[in-house]
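After this come two complexes, each holding chain A, first together with chain B and then together with chain C.
Entry: the complex of A and B
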């Protein structure tokens, strides 16, 4: 219940610059946008913050555009925006596939890519995609803009390099060569948090390199670089699976068991590699 | 980002959102603040705390109790409303941030003379409910799907309703109702 929380305040910035000044001068603030994760923790009583920064109205942060060879996606692009964007469909279809499997339509209409990343759950559906895409997180504070490779963004369970005075303003995704692949395994097709989620890129002809990233199998999203090297080096799928199992560390929790996740992760790797070689 | 602000693609709707974000007070709460909502075509002027959800504002302050508060954490879909043409969980949406938008709830579906919306009628005709708690959300989500796809396929309906859950397990009848309402709506 959220009945007795009348000490909470909401800051309503008029622009991104305004929001960044508020973070610098009036923090600590909890940024909010679609609220699809925030309201769950608020209702569970696990949210410590009392001062909130409302980003939802900052329309400029929803833009999806291409500059040169780089796809830029604003942090406030919703999952529905990603699904409908021709640029996303063309350049990073695995992201559209992931967005389609987030929650249900109502969540997709409100949940944002920036929020999925900022929430920092190891089960976030878009995270393996961003890891496999070699995405760059664009962080901005009143003083500076920082670009952090997505694979170094998280430092531990629900921990990231984002400072309290910074906002995730967007993502930059270089061109991806090769075949993209995404699978989510959950309790049901919609409205389920993933037990194992995986994104992969397989070289097509001479273009591209092998990339494999998984979620829900460790404290943070895992880019399985040794498994990638094994597959690229012509290892058997059995050897690649054994390498993968050394790279992940799933736990038993409310959604699944470690053993199930290990078997499913290995099976998904085999499926990815088989699909990659199908004509 | 360099492009922050209104882009060339901005529609009247986004312009309005930006304008609103620029004119409202910068700090709201704690305590009640004025919030104006357009619900089912009527203007509602409320004094509520900024943390109040759209669902609670509409149910508890405006006394429109059609949409139910069930899970209250964005999981079940019983609170589904349509905001500017898109379905949202009103339990996970702040009332204060949907000012200036067109909000539709299950309460506004029937005509003024009391005749049910074709989707509501179809749910009755096919017996598409048991306990009925999820029904308002399912009805609203079905309306949203059929407005978007008047000739919706089973797949489109199933996708459009996948954020709603019925614990009684009436999904087969709900699908039947949606398919039937589609025919009715088409005339």
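Entry: the complex of A and C
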């Protein structure tokens, strides 16, 4: 049954500093950005928190900019912001591609990159992209700022290194060399949670390294480093597929079966590699 | 025999594309659906339902809920000791001053259950060691239907196909959920109710509440879908009325999505083990099918089998299997999508045994052509329009992961109707009110009622005020079985013609002629053949005087017909790396007798096709095989097509005015899933004998095909 709304409170910070202080002094608080995931939990009756911290008004966290060679994306950038940003389109088109596949237009207008990452669903569409991009998660508390490589951000199913007094404030993405590739497999054309989602980078000429990351095939997003090494080392695609199947551990759930996810992950690895080598 | 009521030979409006009368009201939000009805002092009702698929109710404690803030009424719906037979079986209810408080109070109702053995699927219910869960048995074996000498039939066969085919359970997923707003005035009840049967709902309220039907007034002006699941107040309506009585205030009780999936009906599953034979030159010889299916807890699951095609010898048995799930209700062409799928997939397999074109094979085995059996013509017309000659043999030879194929399927339906009554008033200012106790369940009934009257009076549609959807209006039946148009349109025609005659009688003396010489056309009443000798509608009506023309009438024979046929073609592509099926094109050929509004008739076909794409590719009610609970009682994991999943759909309606009006609401949804599945088979060479065509199933079938099958 839908969760109760009574006895829940919302704190309204006026600035990031304000928000971080509230987290420190009035916690535990559940941060709330676009609320697209939180509302789903509310409707399922699984929303645990009773006190919420509204980040939506913190406009400073929406910035998308380049400093030096690094693309910085604020945690509150919405999927629509990502799709529309010329910087994202130019430097990390696979992120724009992923954002374009999130939900429908309404969800893209509300849902944020920070929320997608913090929600920590293994099916989050932007997660494989951030993993393949060697992104860095910028965490901030009232006391300090921490930079955590995205590939070490998650510690288990729906668990991360983020502390309760910290917010994700943004992501830093170094320059990516090579051809970027993204593919989401969902039952219908839009508004479908991924059965398998995969992002890849293939070296173009001598620039860049092979990168492969997948979602919905393990408790957390997987950066398939052994598969990458196999491909980089000139292994046959069959051998690379076998390596990939050792690196992932999908489950049966309501959206799909383990068997299906394994087949599709292997098929898409081959598709990625074939597309990357098409002239 | 043509008579004064016959449909006009050269209609001005009928058969043209007319936009819905209420379209602007709907898109601007002025149209009030049941959900939108709010009454002064209104409370909100919430039901408590069994979380278990089968249990005995040990105790019900309402005391905490009774004391909860804002609560005005609490009731137990079942007695202690009673059994609940499915997850979602109603147990108790509350009414409170806000929705949130009603929810909170519902959570405070403490029900203790003693769990009893249950069945979550037909395999469990059919197991030889299954416990006795349903009184009178867990299954019910139907009679055997047999025609001809089956042994001789199979002896004639050059090839025999033997396999098991199946369709799954889906729910109605009405976008407006079931429910009503009930308000009492003493012992008189007014109910705004989302229903396909406004007058019958009044009757059912009266029966269940033990009050005279004359004391019940039901209203349904706009509805967000019913598809066969909304023929009365159901438990939620009766509970709503009882809560309103207890609380002495109006109560709104609309179900949520989960309740909708659990307790407002579904399409039963269907499985059949079939053996069928054909001769070397493609004549069907024999059909032997044992079928079973489940319509939930104690409900039937019948469907026609074999469907359409002429098997000269055949035998069929059917068994209803009861499981602990909400009961089935009629769903858009009940039984036909199941029987159609089971037969049509078999037909393609049979055709392939002799490498015969599926269209040619079907045409060869049709029953004789008739006005209600036009398949041969539709197959030919459709094949041409669809580009069937470009269809490759089974298995798309194109390189790359995307394989494309074409499939075809045929269907039939009844669509007759009768029994409606109507009332027409013509006022001296020229105004016209047409009244009929039918309802517009989203199909466009309001518009076609107006069109038939406007046609008869020679006026534009805007001249007619249509009143429907209210139990105080002249009798009409529930909107089920595609009967509404065939039932209501004749009544409107007869009553309008009689009203016009009455007007002619008033006008004739002024024009110096006899009434039978008059015609009404183009907004004027004039002497037939001499349009100049006449009056405008307005001036003619001035002659009516103080007492308006007020005429009752009813359905008459000869203006409606029965029996429709249709054929559909589908093109689908399959990504063999992901198993994802995309429907790329549908062509639907359909007749429905005399077309009243071409636009709303086509809309029914579009809607039927899209609903069947959902049936084929997306929808699936999944019950946990251990707990018996539905695991996807929402719209996140119970999927429907989104706009980008809807292909190009072409509708070809065959207008047959000589047959009178016949319904079209159901037939267009019958064939689509079968045609899609046959297209997938044609694309990939893999035969998938059950729905839905979910990617994991498609991919597994492809792997199997690669491993052992032939291409």
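FYI, the second predicted complex is superposed on the first by the 275 of 279 C-alpha atoms of A that agree within 3 Å, B and C clash if a C-alpha of one lies under 4 Å from a C-alpha of the other, contacts with A are read in each partner's own complex, and residues count from 1 in each chain.
Just so we're on the same page, a contact is a pair of C-beta atoms (placed from the backbone, for glycine too) under 8 Å apart; a residue touches a chain by one contact, two chains touch by 3 or more.
Note that this is a predicted model, so its numbers are computed, not measured.
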*May I ask you to decide whether A:104 touches chain B, chain C, both, or neither, giving the answer as first, second, both or neither?*
both
*Of the two partner chains, chain B (first) and chain C (second), which one does A:74 touch, if any: first, second, both, or neither?*
first
_Output check: A:11 vs chain B and chain C. Expected answer is one of first, second, both, neither. What do you get?_
first
*Determine, under the contact definition given at the top, whether A:195 touches first (chain B), second (chain C), both, or neither.*
second
*Should A:187 be classified as contacting the first partner (chain B), the second (chain C), both, or neither?*
second
_Dominant toucher of chain A (residue count), chain B or chain C_ = B
*Kindly classify A:58 by the partners it touches after superposition: chain B alone (first), chain C alone (second), both, or neither?*
first
*Which partner does A:255 contact after superposing on A: first (chain B), second (chain C), both, neither?*
second
*asked:* Quick one: is A:40 in contact with chain B, with chain C, with both, or with neither? Answer first, second, both or neither.
replied: both
*Where on chain A do the contacts with chain B and the contacts with chain C coincide?*
2, 5-6, 40, 43-44, 104, 189-191
*Please give the residue numbers of chain A that touch chain B in the complex, ascending.*
2, 5-18, 22, 32, 34-36, 38-40, 43-44, 54, 56-61, 63, 65, 72, 74, 80, 103-110, 138, 140, 169-170, 189-191
*If you look only at chain A, which of its residues touch chain C in the complex?*
1-2, 4-6, 40, 43-44, 104, 185, 187-193, 195-196, 254-257, 259-260, 263-264, 267-268, 270-271
*Give every residue of chain B touching chain A within the complex, in rising order.*
1, 3-7, 10, 14, 17-18, 20-22, 24-31, 49-51, 53, 72-75, 77, 80, 86-89, 91-94, 96-97, 141, 144, 159-165
*Could you please specify the touching residues of chain C with respect to chain A in the complex?*
100-101, 103-104, 106-107, 256, 258, 401, 577-580, 582, 617-618, 622, 631-632, 634, 636-637, 639, 641-645, 694-696, 699-700, 703
